[in-house]
Structure formats: C-alpha cells, structure tokens
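Structures incoming, each one as structure tokens.
In what follows, chain A forms one complex with chain B and a second complex with chain C.
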Partner chain A sequence: MTALAEASPSLKRRTRTIGGRGGPALVVAFVAVAVWWAGAVVADSAVVPTPDQSLRSLVTELAQPSFRASVFDTLRVLVQSYLSAAVVGAVVGALLGVRPFWSRVALPLAYAVNTVPKVTLFPIFFVFLGLGNLSCGSFAFFSGVLPMFLIAAEAARGVPQAQLKLAASLRVGDLRVLPMVVWPAVMPAVAAGLRLTFGFTFLGLIVAEMFAGSSGLGQQLLRNVALARMEYIAGEIVLIALLALVPFLLLTWLERRISDRFGPRPAPRGSRP
Partner chain B sequence: MMNTDADTTSRPAGAAPPGAAHVEATGVVRAFGPVQALGAVDLRLQAGEFVSVVGPSGCGKSTLLEIVGGLQVPDAGTVEVGGEKLAGPRERTAIVFQDSACLPWRTVLDNVAFPLEAARVPRKERRARAQELLGVVGLAEFAGHHPHQLSGGMRQRVAIARALITEPDLILADEPFGALDEQTRILMAFELLAVVERLSASVLFITHSIQEAVLLSDRVLVMSARPGRILDEIVLDLPRPRAQNTLALPEAAAAVDRIWTTLRTEASASMGVPR
Partner chain C sequence: MRAGRRGAPGYLRLDRSRAGGLPAWAWRTIIVAAALGAVELTARFALDGSYELVPITTMAERAAELLVDPGFLTQHLLWSSVSVLVSFTAAAVIGIALGYLMHGHPWWNRALRPYLSVFYAVPIFALYPLLVVVFGTGLMPILLIATAFSAVVVTTHASLGFASVPQNVDKLATAVRTSRSQYVRLVLFPAALPDIIAGARLGFAYSITAVLASEFILSTRGVGHFISTAYAGFMSVDMYAGIFLVAAFSLVLIAVVDRAAAHLDWRRR
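And then the complex of A and B:
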C-alpha cells in the first residue's frame, strides 16, 4: 500500500509532464518554423532564406571535412568545459555555501564578478592563452562555472540549520555531512543549475570562437557573416539550436529525476508552470 | 503501543544506574554579539532524573540545551556530562530539536534510521530498529511516506523516534510537543516517560507548558527573561507512574501556581511590559 502511494505521485507527474511540457514546446517549434517559412516567402529577399534553403546549405557544409572538423571541435570543447564548469561550480559552491564565514567572504565577490559582462573579460583569456581551443574552452568554462557556483553556494547556504545541527549532534563529521545532508539538500537546485550552466557555457564558447577560434562553429559563423551568406548562417543557427536541444532535453529529464528523488516538496511542484 | 506496566514506569528510588549520564553545568554564560543570551546558569541533572525548564521566549532555553548537547561552546563556565568534561556532541546524548529537522528527501523510516546510519550500523539492522520505533510513536504505516506528507505533529513524532533509536542515556528535548494537539501531546508525553524510564535516561525537557512540566518532571527550573538565569527550582515529589489525574493533586496544583506566578513577571519583562 505504501509502495503504491509512493509510486503514484511520480507517475502522475511524469504523464502530466509529457503532455504539459513537451507538447506546447513542440507546437511552438512548429509554429516558429511555419512563421519563418511564410516570412521568407513573403519577403522574397536574399537576406531572409527559407528553411529549406538553409537546410540545403547546411547539408552542403556538413559534406566538407573542414566544417565537420569544426563541429566536432566545438562539441569536444563544449563537453570538456561544461563538465568541468558543472562539477567545479557545484562542488566548490556547496562546500563553501555551508560555511557561513566563507560564504560571507566569497559570495559578494562572485556576484560582483558575475555582474561584469563576461565578454569584456575575454581579452584576458586571449592574451594569456592565445588563439584557439584553449582560450575558447577556458572562457566557456569561466562563463559556466560562476553561475553554477552561485547556484550551488546559495542552495548550500539555504540548508536548514536544524538539519546541520542534527548531523553535528550525531557526530557526523565535516566530510560525511556532505553526502548525508548537503548534497541531497542542494541536489534540486544544482539540477536546475546544470541546465542554466549549459546555456551559459555554450554561449561563452560560441562567442569565444567568434573572437579567437582557429576552428569551431563560432568561427564558421563569423566566416559566413563576412561573406554575407545568409542561408549558410541560418543553416548554422539551426545546427547550433539542434546541438543545444539534445543536452537540454537530457538535462531536463535529469532534473525531473533528481527532483523526484530529492525534492519531494509540495510547494515548488504545485507552482511549477 | 508501549508497555506501561507499573513495574517499568516506577523509578528505582535514588539508585543511579551505573554509567548513566548526569549533567553538571556550572556558571554557564553565552552571548551572541551584544545579545547576552544566557546569564550564569548552574544546572545539575542526576542520572535518571527528568528535569524541565520553563521560561519566557528568547530567554536562552534552546541555547542552554545546545550547550549541554555539545553543539555550542559556552563563553564561560564548565559542562560535565557522565563525569567527563564535555568536548563536543556526545555519543549517548540525543537531541529532539525545536524544529523537527526531518530530512525531506528521506522516507520516514530512513529519517528515523538516520542516527544509526551516522553510527554506521548496517542497513538491514537499522531499518528493523527504525520500524520498531515507528510503532512506538504510532507511525508504523507511514514508514514509506516522505516528511511533507505528514502533519507537523507527525513529523515531531518522527523526530522523537529518531532521538530514541540510539538508546541514549541523556535526552535533550526542546519543546518536542510544541506542534502537537493537546490529546496527542499528553499521550506522547506518557509514551516518552515510559521509554525514558525503560532506558533509565536522564531528560532535560524544555517546554512552554507549565502543566506539562509539572506532569512529567522530578524537578522544574524556571528561567528569567534574557539574560536567562535560573530563578526558581521546584522539586516535585509526586507519585509515579504519572497519570492525567496527577495534576489534580494539591501539590501539583500548588507547583503550577508557583511557577505561573514567577513566570508572569518574567514574561511581561521579556515583552517589554513594565512590571
């Protein structure tokens, strides 16, 4: 009986999410493509390519080994910088957030740095790390790690004192309290942070590649901008959007799994749109 | 529910079980910045003794309890528990916090088993023990639920079960029944008494209910408004086992009256009302 009571809410949530979240998103995507197509036909201009022109250019480009190499470069650097930003941000943020003294010291600083538009700091990466994947990847890491850090630190700061006191009264040490109390408590926030961080990291990477890429999608994009090849630009935008969509769906699924497991709190669930 | 036979609830008079905790706090002082929370407080608990503390809100009751629990270090004064100087939380002390402190991602069963997990007791064993304790607090069918699916009072019962699971010899309870309704409160209080007496544990019990303090305790300490000091000590020589009608005894009524008289002035003082 208890097993049933346990299983049913998450079951209900899952079915609702398929209809409730994926459905509207698909409709919006469909409408967006339709509007794009109609707009391009009406405008009938070289500046606005139709979706099928864009897709054809994309296929042409993907046939070239140098372009494919660029795509793989971007993907590889993205995966590396994202994973390191997510792990470093989450771990350091949570470690620091549970310590009142250190969060008082470090959080204002991190917020201040986070407010500076990150692109303005890119020259520093460029000067020290030169042209290429190293500076692009580092900048992407930097773009993602700060938001992840702030999210994890705030979540850890919000772990109720009573829970930490309970652990302390049971003589759970500074290290064991992390897996026993802090990680599970910050999990839902970190899971949401993973999704945001992905967006920031990807953005940072594309921007960096536009400035200093020796290859990569950002650099390809800029090359086509210089040549004013609109249908190629549009094709690349579609590719980048598709590349972002897959991890987004994965991370959304992961977030739902984690909040089912660690965040069975009624308020946020009910208020979720 | 629990076995509440007379022989399990009647306390062996005066005889301290060997090794049982006693508390000896002398001249304990604690301030938070400019806020003097606790004046010099002396507190003694004999082994197996049930001592309640009543006092106006914000007078330092929770602070005193956390100091005895080893969670806070006093600015001055010494604390000895079980004959040893206190250095941090002690293995055989259990705390029931003012807020139930349930871990929301754990089931009720795993919340109750948490102290055993902290002590690295094997999973099967700690779950069996937890299930047993859930029976004691009347939550056996809720083992698989999560805390948010329980009422506030039920969560507090989870916290009590969790405190008892390690078979402590000293229980520090901070308004453990504050969230319970009157009837559950009385039932739970008698359950607690039964378990505590079976364990021969000493109890430091913080409550805002004068009746509850008199009903359960061997001794009641009345604290002053902040900075908290002990104003009065009432020794209750009431028969055990205690029952609802204990409060009808003339001695009990007199004790309630005496505590209330002392507290009234302090409560007004703590709320800024002139005496």
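And then the complex of A and C:
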C-alpha cells in the first residue's frame, strides 16, 4: 500500500512541485555534522565517536580483506535479490493486472499478505534455508517482490482500454501485447517501483544479516556491538548509507527519464474548453 | 459484459463476474483454504512432526494458550503493544508538526524534502546497534527507531495534504477574512485530513514492523524477542504461534484502522 501511494502519479507530481533548490538541504547536512562533531567533542567519550574517527575507522576496516569480503557479500546478494524481485514482481504483476477477474481474486490476498510485517516471517526462511546468504537473499527478495508486484498489477489495470481494443482488432497475441502495449503504459509506475523496491530489498537484507547472517554488513554491525566499537559502527553506517544512496539516486534519475518518455503528456494548449 | 466472447484475447479485460462457474470471493476462499490445507497436511504427514513446520491447527492452539498466559501477556505482548502505541503516537505528532512546518515555511520544505525522499532507501535499522550501545537494550532504542521509521511517512503525507487545499478555497477563505486559527481549523486540516489519515495508517504499519524488527535483533522482551528466542531454542511450535499471533493481530488492526479511516476520509464518501 505504501509503495502504491508513493508511486501514484498525482502524489509524485505534487511532490515534484513542492521540491526546490538544494541550498537549505546543504545547510541542514552541515548543521547535522557540526552538531554530531560538537556533541562528540563535548561528551569526550568512547561511546560517541567524532565524524573523523568514524571515517578513519571505516578506512581501517576497508583495508582488511575480511571486511571487504563482507561488503562484497552484501553487494552481491543485494544485486541478485533486487534484480530477481524487480523482474519477477514486474512481469507477474503486469500479467495479472491485465486480467480484471483474476486481479479481483488475487490482489486483495496480496494486499493482506503485504499487511503482515514481513520481518516476523524471516525465521521461517532460516528454518528452511539455514543460516547464510541463501536465506538472507531470499528474505530480501521476499521484502521487495510483493511491493513491485502490487505496483505493476495496479499499473497494468490502468492501461487504457482503447489501446487494448486496438491491439485486439489488429489481432495482437497475448504475449506480444505485453511489449507492444502494456509495458510502455506501465513503465512510469514500474520505474517508481524499481526505486521503492530497492529500499525495501536493502532493508530486508540488512535486517536479515543482523539477525542471522554468517557474513555481510549487517553481521559486521552486530559483531562490533558485541565489541562495543562505536567508531567502527558509525563508520559502517556511513558506508551503508552511501551504498544505498548511490543506486537510489541513479534509480531516481532513471525514473525521471522514463516518466518524461512514457508518462502522460500535457494536453496541447487550447485543447481544453 | 460477459467474458469469453469467442476469439477475444484475455487482455481485453472483458470483465466477467465468474470463472469456472465461481465468483471472485469463492476463488479467494479456495486459494486461502488450499494454502492453509497444504501447510496443515505437509506439516502433519509429509514432515511428520519435524522442526521445520507445524500444522496450522497446532499454531492456533498454542497462540490461544499464549493469549491467556500471564507471563507472555505482560513480558511480551504488552511490551510490544506499548512500544507500538508510544512510537506511533510520537510519529503522528512529529509527522503532522513537521508537515505543517514544511507547508508554512518554504525554506524548511526545501531543507527537509530531499532527506524525506531518500529516507527509506537507507536501511535505518543499521542505526539500531549504535542506539543499543548508547541506551542499552531497553525501550528507548526501540522507540527511537520505530518513531523515526514511521514519522517520515506521516510527514510526507501530511505536507502533501496541507498543500492540497484548492486555490479557490484559499481565495474564498481570504475573501471572508478568516483568522489564522479559523483557517487552520476550518480549511487546512479538513483539506489535509485524508492525506494525514493515509500517512497515519502507513505509519502505524511501519511502527509495528520497526518494533518487531528491533526486538528480533537485540532486546530482552517483546513478541519479536519471543519469536527470536523460540527460533534460537528450536521451539518451533512457539515460534510459529508467535508468527501466527502477529499476522492475525496485524490483519485485524489494519482492517480496523482502514474502517476508521474510511469513516473519517471525506473524499471516499
């Protein structure tokens, strides 16, 4: 439901019109870092590291092969689970969305499953798949696939009937109609879904690694909690934020490009009464 | 329009009320019954008492026992319920206040908007271990994570709601010389209410998720901790009963919130 609300074109339009230039945002970032730094200096405690201590700890950790292996593990599992969630969710959702009866059958069930906090289900993944990357990746896939499926299904339900009738009158088959009519129509929503799914998948992976990962950044975080190494924890949080933000910004850029190309175009001047 | 017109492809969306002679609700019932039946039969006969899966009936029986167990109620269910309620209330208050601030002050809107839009891309639970070291494994880190996790979605929706007042309504309010408090009470909040409700509904679901996830990772109490301990101790009946309870409670609570939201949301009337 969240994903749908965030992917809704009207919400996006309104968000875009409300957004503005980046000066104030930079001021907030600067103030946040300054407050962190000042707080750490005033506290003068091992519990509150300064930003430079955190970054130095991160550099030290990145020099260790075992830590680099953990980072690569997280990235590898993230890429695999994200791509599978995006593809499976988009294709199955679009195929279902163009069939109204089966949409009415399946979508309420999918929404009900989406209501259950997915995090409560992850012990089941570990019971069946064991500890390790397979169960963490499967849980990350599960966290991302349902929102993507719902977004694609709702978008496909909204494909204009006239376009489908035209395809039928031209005797376009069930499979060919997907690339010719359905995909171009659902692309803007799917692009928004790609962005949202990334966040859900990464969140699912980090939580799974924290709970029962045998490697990965989540497991490194918990290892440092046991050792009470705050500067290492803070450095790893910075790394995780960077790993999340770079693809997220790329996906936001991709969404804008797709929306410009496939999204609804403004009506020509004078076409409205 | 009846479906199945000869030669018409399925994608044409010739809507129909039945498939295979059955309406949509009957198919839904069949799918749910088949899924539950498959779990019951697999657990009872194929796996036959193994650790991996327990029958649905056993889960329900154990869940019913837990609901009358004073230890579970006070140590876990009450603890999680209080965490969800406190974090959700804090998130709703903070979210609506920030949304109002962003609506009234464009500078704050430009300052906060980029962070709100990327917030859910960064796994916020990465901060939880840091908070545990600072505050210990008590209620505070769980409340902080859950409040932050759910406040952002409330803020986003509230600010969109406040921005949704139609221009002609704004002009009318100016023409009849409403005071600031009258404008907020009679125009701004009623206009924003559907978006605020939508944000609060999501915020509630996010609070449940955040509280349970935090309890799973590191805590000493709560339903998440109960499930996690049961998993670690190979007590699969308790683990599945906990999951069963959370799923049932979430479905019921969200349905109740949806019903209340539909009642309050004037756009749906």
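In this text, the second predicted complex is superposed on the first by the 224 of 273 C-alpha atoms of A that agree within 3 Å, B and C clash if a C-alpha of one lies under 4 Å from a C-alpha of the other, contacts with A are read in each partner's own complex, and residues count from 1 in each chain.
In the analysis below, a contact is a pair of C-beta atoms (placed from the backbone, for glycine too) under 8 Å apart; a residue touches a chain by one contact, two chains touch by 3 or more.
Being a predicted model, the structure only gives us computed values, none of them experimental.
A.B. asks: Between chain B (first) and chain C (second), which does A:262 come into contact with in this model arrangement: first, second, both, or neither?
C.D. replies: first
A.B. asks: One more residue to check, A:182. First (chain B), second (chain C), both or neither?
C.D. replies: After superposition on chain A, A:182 lies in contact with chain C alone.
A.B. asks: On the superposed three-chain arrangement, identify whether chain B or chain C touches more chain A residues.
C.D. replies: C
A.B. asks: One more residue to check, A:168. First (chain B), second (chain C), both or neither?
C.D. replies: Both partners.
A.B. asks: Is A:65 contacted by the first partner chain B, the second partner chain C, both or neither?
C.D. replies: A:65 sits against neither chain B nor chain C.
A.B. asks: For A:160, using the defined touch cut-off, is the partner it touches chain B, chain C, both, or neither? Pick first, second, both or neither.
C.D. replies: Touch partner of A:160: chain B, not chain C.
A.B. asks: Using the touch definition from the top, say if A:241 reaches chain B (first), chain C (second), both or neither.
C.D. replies: second
A.B. asks: Show which residues of chain A both chain B and chain C reach, each in its own complex.
C.D. replies: 1-2, 5, 165, 167-168, 172
A.B. asks: Residues of chain A touching chain B in their complex?
C.D. replies: Within the complex, chain A touches chain B at residues 1-3, 5-6, 160, 162-163, 165-172, 176, 180-181, 184-185, 187, 261-266.
A.B. asks: Quick check: in the complex, which residue numbers of chain A touch chain C?
C.D. replies: So the residues of chain A touching chain C come out as 1-2, 5, 11, 14-15, 18-25, 27-28, 47-48, 98-102, 104-106, 108-109, 112, 115-124, 126-128, 161, 164-165, 167-168, 172-174, 177, 182, 195-196, 198-200, 202-203, 205-207, 210-211, 217-218, 221-222, 224-225, 228, 230, 233-234, 236-237, 240-241, 244-245, 248-249, 252.
A.B. asks: Any idea which chain C residues touch chain A in the complex?
C.D. replies: My answer: residues 3, 8-13, 15-19, 24, 27-28, 31-32, 51-53, 102, 106-115, 117-118, 120-130, 132-134, 153, 156-157, 159-160, 163-164, 198, 201-202, 205-206, 208-209, 212-213, 216-218, 224, 227-228, 231, 236, 239, 242-243, 246-247, 250-251, 254.
A.B. asks: Note which residues of chain B are touching chain A in the complex, please.
C.D. replies: 66, 69-71, 88-89, 91, 93-95, 97-101, 103-106, 114-115, 117-119, 141-146, 148
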